[in-house]
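Heads up, there are several structures right after this.
Here come two complexes built around subunit A, the first alongside subunit B, the second alongside subunit C.
And then the complex of A and B:
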């Protein structure tokens, strides 16, 4: 029962926000309007999925923003100029993510500290790669991101695809179940003879994969990169996971919810622009929307608990 | 892994598991001190013992989770081959149902089966898992209302335990041949417990084996074919169940040296104890100057009862300066020490309101108070400004005692405060408690050690969250406490 509510709230908040945007700007209700509203949400959705992988195993990743920036820089330079080397670098970065996960588990380090430290590493490497904004998007990524499918714009198709694939991967597959079990009860998993280190490294590697995809998408949309291009993704992705019905501990995550959460956050920015709110106020107003949604969720979960308590006597 | 002779020609009485002289030492602590036992198909072994007797360690050695530091454990597979280690234990069909719940609340019932069942992979694994768990639940607990798709977090405690037990018996890649049940009925009601006992008997008569650990002696007698009694990491008695009576079982578990009784306070209890100062709805009561013990097996509601009482009497702002109750923590890391603070700061924490002058802390008065208590209680340090973690566990505990006793609170609540404290410090602390009681303080003392409980004037024994007995004076002895801790009646016939 509580599981059903969990996905309902992000859907409702997205619908309400979308309705408000359409009311303010009816012209957004078109193929191009929707694409414009949501195309920058695709990399945010991917980064949110990456963050979700980490939150799923009870950790948190403060380096995802700089990691996406780093991937974007690699995509705009090496992947464009020497594709093989570029791909090798990105794969090495994913392996580094897995190694960080293993290290955090083995040395029992707080993930928040390690990833905060890593955020400076990724940020530094990104600046070394691209000291000033520049580079160019590889043609095939550019083509992919500007493709115009019939009826539904690319951004919507991409988001549905991301949500579907990650839902099967995390919620339905047996490996995904095991990964969520690590978040739910690490001890039980270890007791059954599984290597928690390998599982955690796997979750981190998945986060790395989606972080890299996010960076590639971003470059495909913006056509060039910058070392600071995705810094705000760190907080956006955490907010997106929570907005989508995830919780910081206990392995309670929802990939579909996370994608919807990311869309809601991206839409909140557009909504505020349509309201002609000065950009100075936008970050604060975005925060206010977030607090509002989370407050509603708290009320729901409180009431749910009360009902459950009554049922149990 | 070595192959035994005559694979396939398994004798009917060949054991499933054989422990020979298994030892587990954690530093100086001997959790398991040379245990030899064998378990054969068709046997149901009741494992009985007081807290810390080594039952859980024995279980972990048998299921391969813990490698013994000495001796050997070997498993016999279905095909007759032998092996050692956790992988062999799984292959031999050894399953454990643990006392504390080991399900993932964020997963559904069927998803939880994925964790122990490694063969649940690939397309359609959910269907297989759902079939397995439904079948097991249906066999064990007919009439249950658990769907495989329900999230475990939404189930009641009893339902979770049912799922866990069912997972232990469920068919898998290797069938269950020995199921270890550690306190399986602790949160089940009587009718469900009966269903479980009936299934255990069925399982054993069809060639399976069960290790059954329970504090409900009636249940143990009902299912066990053999009862092993553990104490201090050893099996001290092992007989067919018919060879024991409930009384002889309690006698076998007991017998802690009882020469400690003469260290009791010289002051007559009658002179010291005054009027009643507290009584709680659940029946806990204490009088002025009385040392009241809370006994029973660990985790039966004693700590919760203390916490409830403490919370009800503290927390109000007006109580900060003149507290009603002071608390001595047993779990020092969790609710005792401030790890980054000095000994002095840790000690004066609850006393700060009386050390305030003009809104600031009077450092000199604080240092005087610290020095005073250092001398009175004998904290072994040359400088009270050293960090608290520089002290040994026993001395940290002394600082916590001083923290509580330095306050003016007339009632002191102690939550198993002697955990991990050396014998010398314990004796000093007993002395201190008696002295303070003589000067009119009331103590509520939860302890898992019978020796400490025997220091009290009155003892409440807890079982399943309720007070099962109140003992006073000469009636406070290990035998009575044990008898009240364990369920004497069988599950209603």
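And then the complex of A and C:
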């Protein structure tokens, strides 16, 4: 029961917001409009999936925003000028992410502190790579991000693809089950003979992969990079995971929900902009939407528990 | 005259009248301002100027709307989304003060492809399809030395107060000052401190370096630091050099007081927050079909001995001298660039 609610609520909130946006701005109800509305949500969705990998193993990642910025800088510089070296740097960054995961597990460090520290490292390296904004998106990424598939715009295709792939990976594969188990009950996983360190490193590596993809997509959309380009993704991604039905306690995540959560957050900004709300109120209003959705979820989950109690009793 | 002749005359009149009444062409056009930040006095003055000029233009029927949107987090990705929303909202022109010179290029390109005129100012964008109204900070530094040369034909020692280290604007103004000193070799920079564009930081920095300096004839600044420098030099009991000011209210107030006391003379120059209104008129001109070069330069707002009282009176306490640009100013800037 509760599993179904987990995905139902994000879907409903997205549908309601989308209906409101279409009502306010009928022009958005087109191939062109949908693409404009959602194309910048694609890198947010990828960053949200990256964050979800970390939240899944009961940690939190405060460095994802700067990591995406760093990946964007590498993409706009090395990956464009010397593709092999660029790819090597990005792979090294993913390995670094895995190493951080292993370190956090081995030394029993609080992830929130380690990733906060790492956020300064990624941010610093990004500034070193690109002291002043610039660089250029590699042609193939630009082509990929501006491709115009028939009937459905790129942004929607990409989001469905991201949701589908991660759903199979996390919810359907045996590795995914194990990874979720690490967040749900670490001891049980360890006792049944699995290496928790390897699994955690794997989850962090996956987060690194999606972080890199997010940076690449972002550069494909913006055409060039800036060392501070994605700082807000850190909080957006956490909000996206929670909005999409994930929980901080680990193990309970929903990849499809996370993508929808990211889309909802992106749409909330557009909605407020179309409402012509004064910018002074926009941050507050964005927060209010978030709280509203979470409050509704709380009501649902309480009621769900009551029903369960009634069935048992 | 029969009806046919009247109609003919009317038609002839219309044909001749159309190219003349250029304003009417933009009466149904909608212009939006995409602003990334509103958290300091300069930006507040900028928004206020935009509202004044924009509302007047709407009232006069020059344009249909002149809306303002400010992003809440001063982040490039947020502003890119904002610009994409503006495309959907069907604006004819978007005026941008950008959070990043490059990170908005994708969104700006989308806007251009949708047939929207994009004019960036202050925080400009590098996307070639957009217009840029840039500040020539280098020239701002050079002109300070030029002014000092006109006042002090024999040259002398200069103290340079720089801005925030590592910021592009600081490097540019500094380069301009170096250029000016090369041009007028009788001047020599004997000391340089960072005042971070803040009067308290500048005061401390200048007070620290003063004891090690010979006699100073002039102080070249970057704005926001002149008042602090004057306080420090005054406290050290030194003769007051010519301090070039930066249009801040406290600087102009000090200058006016010194002028009344002992006839102190100097020059003050900076960029007026009203540059947003210049961008507004440039956008209007582009919509009107005028041939506008892609790169334009903002004129400096200079306060001289003659205009000091007027500027001081018009500037609220703690703010910066401002000017709202008119359509003719915009035409002048466009003509200069051609």
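Methods note: the second predicted complex is superposed on the first by the 311 of 313 C-alpha atoms of A that agree within 3 Å, B and C clash if a C-alpha of one lies under 4 Å from a C-alpha of the other, contacts with A are read in each partner's own complex, and residues count from 1 in each chain.
Everything below uses one rule, namely that a residue touches a chain if its C-beta (ideal position, glycine included) is under 8 Å from a C-beta of that chain, and two chains touch if they have at least 3 such contacts.
If you're wondering where the values come from, they're calculated on a predicted model, not measured in any experiment.
Trainee: With the two structures overlaid on subunit A, would subunit B and subunit C clash, or do they fit side by side?
Mentor: Aligned on subunit A, subunit C fits beside subunit B.
Trainee: Applying the document's definition of touch, where does A:283 land relative to subunit B and subunit C: first, second, both, or neither?
Mentor: After superposition on chain A, A:283 lies in contact with subunit C alone.
Trainee: Does subunit A have more residues touched by subunit B or by subunit C?
Mentor: Partner touching more subunit A residues in the overlay: C.
Trainee: Touching A:198, do we find subunit B (first), subunit C (second), both, or neither?
Mentor: Touch partners of A:198: none, neither subunit B nor subunit C.
Trainee: Name the contact category of A:251: first (subunit B only), second (subunit C only), both, or neither.
Mentor: In the superposition, A:251 touches subunit B alone.
Trainee: Taking the superposed arrangement, what is the smallest distance in Å from a C-alpha atom of subunit B to one of subunit C?
Mentor: 35
Trainee: Hey, what residues of subunit A end up touching subunit B and subunit C alike?
Mentor: Dual-contact residues (subunit A): none.
Trainee: Report the residues of subunit C in contact with subunit A in the complex, numbered from low to high.
Mentor: 38, 67, 69-73, 75-78, 80-82, 84-85, 87-90, 100-107, 109-110, 126-127, 168
Trainee: Help me check something: in the complex, which residues belonging to subunit A touch subunit C?
Mentor: 25, 27-28, 33, 36-37, 39-40, 43-44, 132-135, 218, 221-226, 228-233, 266, 269-270, 273-274, 276, 279, 282-283, 286
Trainee: In the complex of these two chains, what residues of subunit B are touching subunit A?
Mentor: Contacts found on subunit B: 65, 86-87, 90, 96, 98, 102-107, 111-112, 114-116, 120-122, 125-126, 151, 153-154, 156.
Trainee: Provide the residue numbers of subunit A that touch subunit B in the complex, in ascending order.
Mentor: Per the stated touch rule, the residues are 1-3, 172, 174-175, 177-178, 180-181, 183-185, 187-189, 191-194, 250-252, 308, 312.
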